[in-house]
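Alright, structures below, take your time with them.
Same chain, two partners: chain A is paired with chain B first, then with chain C.
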Partner chain A sequence: MTEEATMIIDDLCIPGTQSTPDIRTDGAAGRIFMQGDSYPENTLELFGPVISWVERYLETGDRPLTLELRLIYLNTSSIKAMMDIFDLLEVAHGKSRIVAVTWYYDSRNERVAELAGEFREDCSFPFDIQPRND
Partner chain B sequence: MPPDRRPLDDIIEDLLADSQYEGHPLRDALNRLWTQSRDHLNRLERIAHISDGYQKMAFDQTISLQQRYDRELRRLEKAVRISDRYQDMMRELNNALQDASTRDHLTGLANRRMLVDQLKMETQRAERQGHSYTLAMLDVDHFKQVNDLYGHDLGDRALIEVAGAMQRALREYDLCGRWGGEEFLILLPQTSIGAACSVIERVRESLQRKPMPGEAPGTGIKITASIGLAEHQPGEGFSDTVNRADEALLEAKRAGRDCYRLA
Partner chain C sequence: MMEASDLYSMREYFTKQHILLCFNGPISRSLIEEIGNALKNYLQAERAQPSAATDVFATYIEMSQNIRHYSINRGYGEQEASATVVIARDETGRYAVSAGNLVEAADGRALLARVTALAGLDKSQLKAAYKEQLHRPRSTEPHQGAGLGLLDIARRSSAPMVASLTELTGEQAFFSLRATI
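Right after this comes the complex of A and B.
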């Protein structure tokens, strides 16, 4: 596949609300950004397009994909959606694709770091958990 | 002739191949029986083969379903585990917020918001059950001078000491909180003003007994307080009761401080 092929995927730009995170994808840079709380009324509606985007991005080309997460609270179905995304990354990693996750957390709330650690357990690709002081 | 011990298949094949039996009616019959038997055998084998195939497919399917089920179960367990921990986090956060919104940060006593909530509840209860409560408004004497002379750190410590002294003297069901600055409000539920006096006496004694921290011997700061008491009257709003306690407090101040007055 050529680089152009990966560019065709339309980027997502979903502004955050009180109950949904800010979600932005950047196919050209191979980046996904998610920030905020997640307890949407319809999880599939929110995460469905994100999961499809990740699937399509990983199917086309061989460029790296990095996730930058600043998620705080996740309800159970959002947790499942994130596990689905990490599963896709794990499969891609198994096929030698370069994938990575960095999960930033507020240094005043160590609990978020512990939870990110739970997600990391089954992942063999690079998965960093970083404190932030802002 | 000894009995032929070779496999029946070989014997029949040999007999049919032997030219000396050519044209014999038994040979022809044997040949047809033989062919039929082979056919049956072939079909049986094919049926067994197909049946085995189906069985293997079903078996593989069961295995893969089992694996998928196990995998989903593990994922679900993990999601539930993480979810439980998120819930713990939210509960802790909730408690911290609850505490921050109802407690005075410096003294750990109830803040004004919590006092007002309790005053509303106690007023409703008093109206319903026909008994009254008494309020005591307490103001630390010459607090501004303590701050000016010894600094705000010691001023803060004085307030913490006053809070501790009050709590030690009060009954379990009394509530005291910081009304603002160096002013504290004590709510004595189901208590007449007469009964409240003895509780307030205990508060004053408790204050007198407690020396200020860090003071040099002989040069100590004596912390005293003036107090105004008012008993809730039927039909009266809680803010009116608070105002009357405030007026009684002013009287105590005018009377030279370190004492209490009744509204």
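Right after this comes the complex of A and C.
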């Protein structure tokens, strides 16, 4: 129990706007959710805390981490920020940590599948891209 | 001063050029979003394919944010930090996104050279250059951008980007860039 207690990191709950996605972390369940478009002018302002959260989570304990993404359009600096997050997962995966990404997309917009697919090319951990027809 | 009747000739010109949306003036972070929103609605109303709509929107965002980052880096005031943005359809119905801004002449010449170099790359070379840039360590400056914007636009374009530079008095020039989706 004491070991569990030291692993608690404050969760993030960042509500989305027109140009920024909804971002929610659930440290207890080992999950991160992101949903929406991301094209803010200053991406580090938005993703800085998320990157720090992932770093701290992965430094602590050995529990799995799953990213559940419903991201649609990302500007190039958001793409860079997501790559930073995937790089952290890749390093953790190299140390036998269980990490995974599932990216859901509207099957009518193939650009989202292509975007997710290009990220997946650079990752060796499980990275699932799931079309949805809703 | 502009006459009221001049508006009619402007309207005629916009219609003839198939201009969907245009903007000229100081551009802020929120204005970029608002124009982007209008653009999204236009594309939806025009029933553009989701992939084409994404490409046009992305090109507009990358061009206008590039201009903002550049103006902030250069410490430009409001007037110099202006942008001219035009979104139109060309004679074959493809979308053309153009944006222009004031730059230091030397920066403009470097940009022209970069656009010319990108025009010589095919899709797979563009992808390789994009991936290389994506994995390069980022600059710590907040307005440096990821250096990916032009590559992203080039990858979304159906023809090489076209750039031009109009040298003005002093050390400044007007740089303009056009991408056809």
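By our rule, the second predicted complex is superposed on the first by the 128 of 134 C-alpha atoms of A that agree within 3 Å, B and C clash if a C-alpha of one lies under 4 Å from a C-alpha of the other, contacts with A are read in each partner's own complex, and residues count from 1 in each chain.
Convention: a residue touches a chain if its C-beta (ideal position, glycine included) is under 8 Å from a C-beta of that chain, and two chains touch if they have at least 3 such contacts.
A quick note: this is a predicted structure, and the numbers were derived from the prediction, not measured.
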Identify whether chain B and chain C fit side by side or clash on chain A in the overlaid structures.
clash
Could you look at A:52 and tell me whether it touches chain B, chain C, both or neither (first, second, both, neither)?
neither
What is the contact status of A:124 with respect to chain B (first) and chain C (second): first, second, both, or neither?
neither
Could you say whether A:41 touches chain B, chain C, both of them, or neither, answering first, second, both or neither?
second
Superposition-derived comparison: chain B or chain C, residues of chain A touched:
C
Which partner does A:83 reach: the first (chain B), the second (chain C), both, or neither?
both
For A:75, is the partner it touches chain B (first), chain C (second), both, or none of the two (neither)?
both
Clashing chain C stretch [against chain B; choices 24-32, 42-50, 78-86 or 168-176]
42-50
The shared contact residues of chain A with chain B and chain C are 73, 75-76, 79-80, 83, 109, 111-112, 118, 122
Which residues of chain C touch chain A in their complex?
29, 32-33, 36-37, 50-51, 54-55, 57-58, 61-62, 65, 68-69, 131, 134-135, 138, 142-143, 145-146, 148-149, 151-152
Spell out the part of chain A that touches chain B in their complex, as residue ranges.
73-76, 79-80, 83, 109, 111-112, 114-115, 118-119, 121-122
In their shared complex, at which residues does chain A touch chain C?
18-19, 39, 41-42, 44-45, 73, 75-77, 79-80, 83-84, 106, 108-112, 118, 122
Which chain B residues qualify as touching chain A in the complex?
75, 78-83, 85-86, 88-90, 92
